[in-house]
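In the part that follows, the structures are each spelled out as structure tokens.
In what comes next, chain A is part of two complexes: it sits with chain B in the first one and with chain C in the second one.
Coming up: the complex of A and B.
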């Protein structure tokens, strides 16, 4: 069963990341998550929204980023939607965290955190264009 | 983000505060690399007032550490809050950056 959806819609300015973080943290807290889980959810959403602003909109601050939260069963679900250029997450290699400092590739960390901190991360390419990321976290689940 | 930046050659310290997401990177990067360019022997980043760091900021720390290693500046992150230390450990940054946890326990 899906609960009421709560949504925030902002322009693609990096300055809006803090507002999104506050919104998502509040919704996650109200769902009954621990503070640690709330922190993880807001970090994963921050990374997804940063990807939308930096990669999908390529820094154009006039795009639109929509973040929607709801409960589905025991899952807290967050969707991040943009209308920017299609972002192929599968083309981003996973960072090799065991490499020495000088040999480390500095990309891919945002996706790494999203996948590590959430129970499920799915990238969808909507027919109308843009990107949709659907992330789920089980309330009281792992990393709680 | 607010910042205090004090340069006392041969040491310098930077003390950002608040939430450090991607919007904080340009200012943070400039302050870090200005301090490194000044050729200090020891650069401290005090994170006691920082509640959050995103991957963009971690990349910034990583680049600064690389530069510091090249020029033999000792770069150190101090007073790292427990939740931030968890983030560092999750991505293995605790093994490549010199970081020490907060001396004040959080509730």
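Coming up: the complex of A and C.
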């Protein structure tokens, strides 16, 4: 069963990341998550929204980023939606954590955090264009 | 968000506080850059009051780390990392590779 949806809609200015972070943290906390889990959600959502602002909107601050949270069973679900350029997450390689820091490529960390900190991350290409990423975290689940 | 650089004898001590995300990671990058431009490649980052450290900030840290360690001329060391941030840096595979100290005094003294 899906609970009430809570939503925040902001412009694609990077300065709005802090507002989104506060909103999502509060919703996660109210869902009964531990502070550790709340931080994981905040981190993953920050990265997803950064991707929308920097990559989908190419830094244009006039776009719209919508973040929606709800509960589905024991899962806390966050959706991040934009109407920017379609972003192919599969084209971004994971950082190679086995190599010394000096030799490592710096990219791919944002997506990596999303996948590691949330229980599932699904990318959807909506009919109307843009991107939708749906992230789930089991309340009290792994990494709690 | 606040960044304060103290030029000490052994190194530069850069004290960070607040939230570091993609909106302001460039300021962290600039502070690190400023030290390196002055020829200071031994840097301690005091992270005691950091509340959030996203991938953009981590990238700035790693970039500076790489540059400071080039030709063995210096290093970037971390001090007083909050627990939540420690977990993130560990996940990013950075923690095992960077020298970490419980507080800034120990960090500075390590140089």
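Please note the rule applied: the second predicted complex is superposed on the first by the 144 of 144 C-alpha atoms of A that agree within 3 Å, B and C clash if a C-alpha of one lies under 4 Å from a C-alpha of the other, contacts with A are read in each partner's own complex, and residues count from 1 in each chain.
Criterion: contacts are C-beta pairs under 8 Å (C-beta built on N, C-alpha and C of every residue); 3 or more make two chains touch, one makes a residue touch a chain.
Keep in mind the model is a prediction, meaning the values are calculated, not measured.
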When chain B and chain C are modelled together on chain A, clash or fit: clash
Using the touch definition from the top, say if A:78 reaches chain B (first), chain C (second), both or neither. neither
Is A:39 touching anything from chain B or chain C once the two structures are fitted on A? First, second, both or neither. both
Quick check on the superposed pair: does A:18 touch chain B, chain C, both, or neither? Answer first, second, both or neither. both
For A:109, decide between first (touching chain B), second (touching chain C), both and neither. both
Using the superposition on chain A as set up above, list the residues of chain A that contact both chain B and chain C. 13-15, 17-18, 21, 36, 39, 42-43, 46-47, 50, 53-54, 95, 97-98, 100-102, 104, 106, 109-110, 112-113, 116-117
Please output the residues of chain B touching chain A within their complex, sorted ascending. 19, 21-23, 52, 54-56, 58-59, 62-63, 65-66, 69, 83, 87, 90-92, 96
How about chain A: which of its residues touch chain B in the complex? 13-15, 17-18, 21, 36, 39, 42-43, 46-47, 50, 53-54, 95, 97-98, 100-102, 104, 106, 109-110, 112-113, 116-117
State the interface residues of chain C toward chain A in the complex, per the touch definition above. 19, 21-23, 52, 54-56, 58-59, 62-63, 65-66, 69, 84, 87-88, 91-94, 97-98
Which of the residues in chain A come into contact with chain C in the complex? 13-15, 17-18, 21, 36, 39, 42-43, 46-47, 50, 53-54, 95, 97-98, 100-102, 104, 106, 109-110, 112-113, 116-117
